[in-house]
Every structure is written in structure tokens, then in C-alpha cells.
């Protein structure tokens, strides 16, 4: 058991525990914080896979942007409903059953798949600098999806604006 | 760092997110569950890319993150709209799709 | 004389379609404009059908006025039109009913533009089916003819009340039997049910023939194995039969016809039911001759059931539209019986009966519409002595009912006699006896209805002091009645006019079936 | 030339019908409609007289229904002496009746007056066409058309419920007979392939006797309906609801005897089937007796005459059935005149007194002398008193029956002759000599009514004399016989008249006491042999019952089943709809289930697993990304 493995297990444990905390904590703000934590831990995983760029983006976009958004929304609406929501979950048992069934199915098929087995057998070295290749391929081969994605983002921004905009009532200037 | 174990951790996170989506009553809670699921999926993508030694996994994960951001933005906007129009933030009270 | 290559069949078929488009461009408030447009485009079809009737080369026979434009090479779909003796007569029937229908709905005031548009779409479909020589096109037009009916009945129809009873009373009550929505939905579902069978049959023909074509003339040359033919024929029989109102899948017809507005029930009972019979004869018998032989006893026996059962069913009805609708079921039985005889007399009779019954039901439904418009009732027993107030309507009604019971001098007689002769000449001579008996039952109920409505003293219970509402038909309403009655009498006096044409088609068809 | 004459007979009434029918203004002008109609039938009468003189054999055909594989059906006309005589009778009586109607119907409104003459023209055309028809199908066509006219004219006063009912009854009963006719006709066609009489006569002997018998029996069934033979005679008395001239023309002189004419016309076929002929004779004899008996107890003058018609047609049928077709036609010929005369005279009385009941009439001999004389003429002719025409024809029939050895029918008919004389003179004595004062003041009819009656009176007086000529015209050898028999019918008739005189004039006996003595028979007669009740029962219970069954079955079982199926589908879908709660999370379960199923299918069940894995083995082909080993990627390598 080397240091890498220990680090991996610690990270994994943190990820799982924080995820559980996300879905179970009664206060949404706390959930949001735990979500941020789990996203951050994922970024560490990325680094361990040698995807530094991705990890950076994860931290910047996710942990920075998304969580901020969520927190804002929670704060905006907290006064309205939070107190009414005594019970934060509904139908825990079927949800638990369904999600665990899903989990075990995934585990079963990955375990039995010979392809995964062969992949697991040939674990390559994780140490290589990919950021350059990544940027190159992103702007050459994947440029069309990239641009489409930018369009999508634009649409999302506009859409979010339109949706969240308060309708101006008559007589209101 | 076993390939299997990384997969299974991701699956576990995914299932936890799924559980959140299925059981959370607050809409923001549901959105957070979705985030967890996305995150787990990204993790698997990167892991498989890593196992193959190709960059595609990372690229797709990159796109996925961007899409997630868009989704969260729209989703939260919708949440605000629902909260304003329907005066509720509970997922189980929004039942417009009932036939 | 128009040149040889002039696409006259396309003109006939598409004239209502373009008429519908022009109608769509007009504003609703152009009362006269809408009607004149409708009349004009139906007149074009009518003149076209007269033209083909006159210039059809009787010595040559076969399909003429062929138009052929391939559409999809790889699937063997083409725009292929052509007409022989049988389809010519039915085209003529359609254009007559169309003109009469335009006149009969002249006074419709609620959304008349949309009404005409849908009616014309329907008619385009009907014309298309009669002239199509490509099965794909055939099916396309067939569907086009079936679907507008839903809207026509659902929007402009009228409801009636059916007392729920019997073992399925709950179901009958809860389904809302008798309402116009029910009638429309039932009709549409039945006919779509039928067309599903037809589609499967067409695809079967397409794939089993091995020709990769939907062309009728090409498929004619293929001879399939007997068992295959039987299965396909069964599909066509069920599919087209649901439209032709064969027993026991006829129950959409009374409900649908009773709910439909005047021009629609004219068009539907007059022409659309004939599509079914035409389909069985043209596609079923024309393409699957051996199966026609195998199935002839079944078709004929069910047709005989139709005749007698429909007549008795009509006798029980007390709603005028239902009486006419059930008589249609009975008369379609005569058509199918004629088809099942598989000999010249019988088939001639079947086609002539299609024509005659189409005109006759058109007339009767037009009259029922008029009576309903004036008396605001369709319940026979609440009427009485109308002949005094509306002698003209009474006369035309008498002509219609007398055709229905097969009075000589009117076209129904010739058709019925031909079918009777054919039935006796066929392999199952006993068909003759119930068929003739059915004609007698028709006389019983039809004359009874005539008596109840028009004869006897005027019933005061119903229209109280206000007799002024009961007026005879006026103005434009006469035209439809006069046209249709004139045809009935004309064909009845000298049937050779049409029979010459029909005979050409029938003999060719029989040559295929009998060899 | 001869076919032109024939068309001169046939076309004018049709033209009159068409013009009157199509031009409302003509129809509604009283004089125009009647004038046109009478003129046309007058032309027909002249032409038919010319035909009688010419005695032609005309056959004229044109194709009506084409056929390639079977023989086409022709439409055309065919005249033989029988037809020529019949044409004459029809035309003359029709002319007389139409003239008479000018007076009788004068109170009608213009439109219904025009309608009356339109129908009359149609009737004249169809009846003449029927007589001249060359094929069985054509006979059937005109047969139905005269039936239609009868229906229309019985129901002429359609606002009277009785008239409407009687009209419909007449049509139904005759149509019921026509079911037999139609089937028989088709059967005959099926065996011979032709409808043409001339060809049928040639081909008939080739048919098997049983088959031909069946066909003819069925055809005769039609004749029974039309000619009001027992047991289908019930419509004729009710048909008296129509205007009296109509009864005179259609229900006495012409249409009802069409059945007799049919038997005569088809005699070349009937002669091969002696069984059917004797059936015809028996039916005729029974009808004669029943008709006469029923006439005894009627009180309505027209109904008496109607039953008398039934009875007399029975004579004709019996004669035809016994093989004496010329005798049948001869009786038809004379009967047409005197029965029309009787009806017109009755109409004259009804017109004056506004009642049909003989007990409300009386002392008319003084008030209506012309009518009295004419009625007496008719009654004497009907009773068969020398020298009136009925004597000759009835005598011939009775003697023929005797000579042919049909003893029982002979006695039946002889007894009927007695009854005939009795009931006719019962009417005569009650109506004209009776002492009861009528409510309305009787008066003689205008000349347009009396003139036709006088002509018919002369004809009924004289029509019997040219007996020999008549038979020669029909190419029939009348036998000479002089025995006690020749006087027997006359004696019987005179005896009948005498009895009536004793009963109703001198009142030596009370008829009611006789009726009481014979109460079972009287009861049967009052009930009209329960035939009406039976038919009503069949109509009400059987036909309506079946129709109820069919209609109910259709609505509630066949359609009910359809509704039940659709209803159960709807109920099921309603239950299923509960699944759709509207909560997104609940739908997610469905999505999860679908994903699990999908994964299970692709990876677990379906045999695609190995194929997928195999393809992923080589990632370069599959995912276009640079391999780590090949760090410097050449873009153009794959191009």
C-alpha cells in the first residue's frame, strides 16, 4: 500500500461522504457547501489522472460559478419556504432501492465485462503533460462542437434571463 | 489506484446523486443531486480516457462541464420562475404534467 | 375535343383540391363567393367526368386516359391515373353527388367555408381512389377521403339520443352513444382500423409479388400462391369491408350517418361506402382472382345477411336518418352480393347498384336534411301529414323510397334485378331467395316511413299551432333534389347508358377472375 | 305501320304523364291537365280500335341491358290477339273513367286534380305497356308500375288515415305476391336464359316438368297478389278508400285482372303443367265463392262491388285454369265494362249522397233515374241475365267447367252465380227501391258523368253478342252445346234475384234471422275468415318482432360489444393514467427502469455484447484522438 493508494482512498472517502452529506443535510445551504466540497475533491481526482486543465476548469466553473449561483438562489428564496419544509425527503425507501439497484447493476456489468478487465490490466502511466494536446485538439478537431457549445451557452444565458425576469405589470414603469 | 475502484467510487457518487434527485423535495436539492450525477459521469469519462490513454475523455468531460453550467443556469432560472408563479419550491407540488 | 395527352383525370381529381385552396383564401363573409367557387370547381369535375364518359373508347376497353409520372423509382411509386368502365361510372356518381352536395349545403351558415374546404378535400380523395392505378396513391387518396369526415361530423353534425339497455348498458351510456362526437370518433376509428388492414395488404402485395412496385397494372400480371392470395384477400375484405359496411362491422355506419350533416352523409353514404366495395372488387378481385373464388361464398353469405338484417334493422328504427342509414347497410349488401356472384349479370348489377344507391341515398339524405331543417325533428313518429305542407319534398321522398324498394322505372330496380339474376346464375343459387325477400322487407319499412311522415292527418301534438314553419323546399334547394331524381329516373328507364360502360369493365375483370 | 299504331297507343299517355309531371303550371291548371290526359287516352283508344281492326302480329325489340357472356335483356312489345283485345278494354275503360272523373273530382283543388290526372296517365301508360310487353321482365316492370299507380291512387286522399293505410296495405300484399313472381321469373330465366315470351314458349318444353311447375307456381303467386285471389285478396276491399273512378278503372276493370291476363299470356307455358293449372282453377273457384259470400254481408256499396270483383276474377282464373283461356279473357272483357259501369254508378250515388252505406240510401229510383237504369243494367249483366253480356261469358265458363269434367268447381261456381245475383239485387232493392229516405238530397249527376256510364252501359249490354267473332278473333274453337245446362246458370241467377226480391223488397223474410240461423257461417264471414287478423298478426308480431330482434341485437349486442370493448379500453387507460402523477421524480423511476432494462438487454441478453467489445478493442478506429505513443499527430495521415 503506497502513498498514492492511501491518497486515493482518502479522496474517495471524502468524495462519498460529502456526496452523502449533500443529499441528506436538512439545510440546503449546508448541502450546497458539501456539494462544493465534493466537486473540489473531484478536481483532485482529475489532477491524479493528469488532467490538470480539467481540474482547473472544474474548480473555476463548478466550484466557483455553479455553487455561487446555487447559493445565491438559496439565499434569495430561503425566507419563503424553508421553514415549511420540515421533511426534506419524500419516498426515501423507493429512492434508496432504485439508486442502489442502479449502483449494483453498474458494478455488476463493469465487473463482468472483459473489456473493463483488460482496461484495468493495462493501467498506463498517469504522468504526462496533456494540456497542450488538449488545447490543440480542442481548437482543431473539436472546434465545431466547441463553437456549438458556445452557442448553447449563449442561449442558456438568454433563456435564463428571460425566465428569471420579473414580468412588468401594467402601469409599472 | 485501481481502475475498478475509481469506477465504483464514481458509480457510488452517481447513485447518491440519483437518490437525491429521486427523494429531495426542494427543487434546488434536486438540482444539486443532478450536479452530483454529472460530476460522477465526468469522473468516469476522465477515468476511461486515462485508462485508454486518450484525450477524448477529457474533452468530453470539458464539454459536459460547460453544458452543466448552462443547465444549472437555466434550471435555477426556471426554479425562480416556478417559485414566483406557483408560490412553491417543492418538486412534488409541481404537477402540471398530471394527465 | 381536347388533345389526347390532356390530363383530364388529374383535372377531375384535383379540381376540388384547388377549389379548396381557393376557398381557403377567401374571407368567411363572402357568402356568395364561397358558394360560387365551390360550385365552379365541382362543375369542372363534373364536366371532366362527362368528357371521359363520352370519349372513353368503348371498342378498345381497358384503362384509358392514362397518366404516368414516376415519383419514387426505388420504391416503385408513381403518379399513375387511369379509368375503365367501372371507375368511370363511379366518377360520374361522385361528381353528381358533389354538385348535389354543394347545393344541399348552400344554406349552411356556420363556418361554411371550412365546411366546403373539408368536403372538397374528401372528394379529392374519392376521385383519387377511383382513378388511381398505383396502390400507394390509392392508399393515399383513400386516407384523404376518410379523415376529413371526422371534422365534418364533429363540427357540423347533430346528436341524437339512444336509450342504453341490454347487457352492455353501462358501456353504451358511458360512451355517449348517439352524440355527434361519438359518431365521428366511431366512424373514424372503424375506417382507420380498416385502412390498417389495407395497408398491410398493399405492403404484402408489394413484397410478395417480387416486383418492387405499387403499380396496379404490373401487379395484375403477377400470380401469387393460393394461400397467400387468401390471406391478402382476407385483409382487403376486412379493410375495405369496414368501409363498405359489411356485417358485423357495419355499426359505425348508422351512428356516423345519423350524426353527419346533410352534405356529408350524402357524400358518405352515397360515395364513400362505395369506395369499400370498389376496393374489394378492384383490388381484391382484380389482383387476387383465385382468392375471389375461394371467398365468394363467404362474401355472398355475409352480403345476404346484410340485406335481410339491414332491412329488419331499418324497420326497427324510429329516427329518420337511422332508417336511411340502415337501408344503406341493406343495399350495400346487394352490392356485395352482386360482387360475390362472379358473373357478368351480378357484377354489372353490383356496379349499377353502387351508382344507383349512391344517387338514391344522396337524395334521401338531402331530403332528410331538408325535413330536419324545417321540422326540427328526425323522429318519425312525431311527424305526420307533411305532404300537405311540403308536397314537393313528399314527391321527391317518394321517388327516393320507391327507388329504394326497387320499383321498376327507377334505377334501383335494374340493379337489383341484375344482382338477382346473377345470384341465381352463381354457384350458390339460394342467395336469391333471401335477397328478394329483403327487397320485400324494404318495401314494408320504406313505405311505412313514407306514410308516417307524409300521409295521414297533420299531427298537432308536435308543431302545435305553428304550421308556418313547415314549408316546402325553396329556391336552390330544389336543384339537388331535381338533379338526383332525374338521374334515378333516367337510368331506370334506359340503363344501357351506363351498363354499356360498366359491362366493358366487368367483362375484363371477369376474364381475369375466371381464367 | 302496325308498330306505329302500337306506339300511338302507348306513347300519348306517357307524354301526358311526363308533361303533367314535369310542368307544375300545367298540372295545376285544371283544364289543361285533364284535357291533356283525356286527349292522350282518347288517341290511345282510337289507335287500339284500329289495332283491333287490323289484328296485327307486332314484335318490336331493342336492347335494354347489355351482356356479353350471357344473353342481353331486351325491351320491346309483342302483340297477339289477346293483347289487342286487352289494349282495347284498357283504353276504353280508362277513357270513360277519365271523362267521368271530370265530374266526380270537380271539387278537388287544382293541384290535386292535376295530380289525379297525372297518375291516371301513368296508369294508362303502364297498363297498356303491361298488356303489350314482350318479355317476362317487362311484364314485371309494368306490373309493378301499375301497382305503384294503384298505391298512389288508393292513397290519393292521403290525409285520410284509412286511405293511407289501405294504400300501403295494397302495395304490401301485392308486393308480397311479387316476391314469388320475381323469384319465379329469375328461375325461369336461369333455365332458359331469356325473358322473351316468344323464346320462352319455344324453350319451355325442354325444361323438366317439376322445375317449370315451380317457376309457374311462383309466378302465379304474383298473379294471386295482383288479382286479389284467395288468400291474398284482403287488400282489394280496403282499396275502395280511393276515389270511386279509380276503383272502377284499377280495382275492377283493368289492374286487378292483370293476373288473369298474365296466366292467359303465359298459357303456352302453363299448358305443360297441368298440376299448376288445376291449382289455378281451384284457387279461382274458392276465391269466387269466398268473394261472393263476403259480399253478402257488406254494407258499404263499394265494398260489395269489390268483393264481387274478387269473386268474378275467381271465375276468370277458374276458366283459365280449366284451360279455357279465351273464356277467361272473354269474361274479363265483359266484366271490365259492366263492373266499371257498376262502380261508376255507385260513384254517382256516392257523389250525390256523400255516403257509402247502403242502409243510408233509398228511393233513388225516382231521384236518379239514369243511374238506376244503368246500375240495373250492370247488375243484370253481373248476375248473368240474358241478353246482357255477363250471361254469355259466365255461361261459357260454367259450361266449359262442366264439359271438362271439373264437377266440384262447377257446382261451386254455380252456387256463386246464385250468390252473385242475390247480393247484387240486395244492393239494388235496398238502394233504389228501398223506402228509407237519404239524408242528403239526391240528384242526378252532370252529363260528364252520365255519358261515360251510358257508353259503358251500352257496352255491357252488347259486349256479349259478338261472342263468336270474339272467339274467332282469338283463334279459339268454341264448341256448340245445347243441353239443359245452357239454361241452368240463367235459372240459378233468376232464382237468386227472386230470393233477393223476397228478402229485401217484399220483406217476406228477415235477413237477420237467416243470419242468426247460420250464425257460425255469418261469424266467419263477419270476421272475413280471420285473414286480416292473421296478416295483422304476422305484421305486428312476426315482422315487427324480427325487426325488433334485429334492431335491438344490432344496437345493444353487436354495437354494444363494440362499445363494451372501447369502454373497457377507456376504463383501463383511466386506471393507467393514475401512474402519471405529474411529479417529475415519479417519472424518473420510469426512466431508471427503462435504462436498467436497456442496459440489461444490450449487455446481458442480446448477443451484441461481443461485437461491441470487439470493436472497442481498437480505439484508433473508433475514437479519433491522438494516441499517447504517437504524440506528434499527423493530420493528413488519415485523409
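A few points about this structure:
Think of it as A, B, C and D in the order they're written, each chain with its own count starting at 1.
What we mean here is this: contacts are C-beta pairs under 8 Å (C-beta built on N, C-alpha and C of every residue); 3 or more make two chains touch, one makes a residue touch a chain.
Note that the structure is predicted; figures quoted are calculated from it, not measured.
Of the two interfaces, A-B and A-D, the higher number of touching C-beta pairs belongs to A-B. Centre-to-centre, using mean CA coordinates, chain A is 6 Å away from chain B.
For this pair, chain A with chain D, the centres built from the Cα atoms lie 95 Å apart.
Per-chain Cα centroids separate chain B from chain C by 61 Å.
Averaging C-alpha coordinates per chain places the centre of chain B 89 Å away from that of chain D.
Chain contacts: chain A has residues 90-91, 94-95, 98, 102, 124, 133, 137 touching two or more partner chains. In chain B, the residues that touch at least two other chains are 18, 22-23, 52-53, 55, 59, 92. Taken residue by residue, chain C touches two or more other chains at no position, since every residue touches fewer. Contact between chains, as defined at the top, is found for A-B, A-D, B-D, C-D. Listing the residues of chain B that touch chain D in their complex gives 18, 21-23, 30, 52-56, 59, 91-92, 94-99. The part of chain A that touches chain B in the complex is made up of residues 4-5, 8, 12, 15-16, 19-20, 22-23, 28, 31-32, 35, 38-39, 42, 45-46, 48-51, 53-54, 57-58, 61-62, 65-66, 69-70, 73-74, 76-77, 80-81, 85, 87-92, 94-96, 98-100, 102-103, 106-107, 110-111, 116, 119-120, 122-124, 126, 130, 133-134, 137-138, 142, 145-146, 149, 152-153, 155-157, 159-164, 166. Chain contact summary for the complex, chain D toward chain B: residues 577, 580-585, 587-589, 592, 619, 623, 625-628. Chain C makes touch with chain D in their complex at residues 162, 165-172, 174-175, 177, 186, 189, 248, 251, 255, 309, 312-313, 315-317, 343-345, 348, 385, 387-388, 391, 402, 405, 407-409, 413-414, 417-418, 420-421, 424-425, 429, 432-433, 436-437, 439-441, 443-445, 447-448, 451, 454-458, 494-496, 499-500, 503, 507, 510. For chain B in complex with chain A, the residues that touch the partner chain are 1-9, 11-20, 22-26, 28-29, 31-33, 35-36, 39, 42-43, 46-53, 55, 58-59, 61-63, 65-74, 76-81, 83-84, 88-90, 92.
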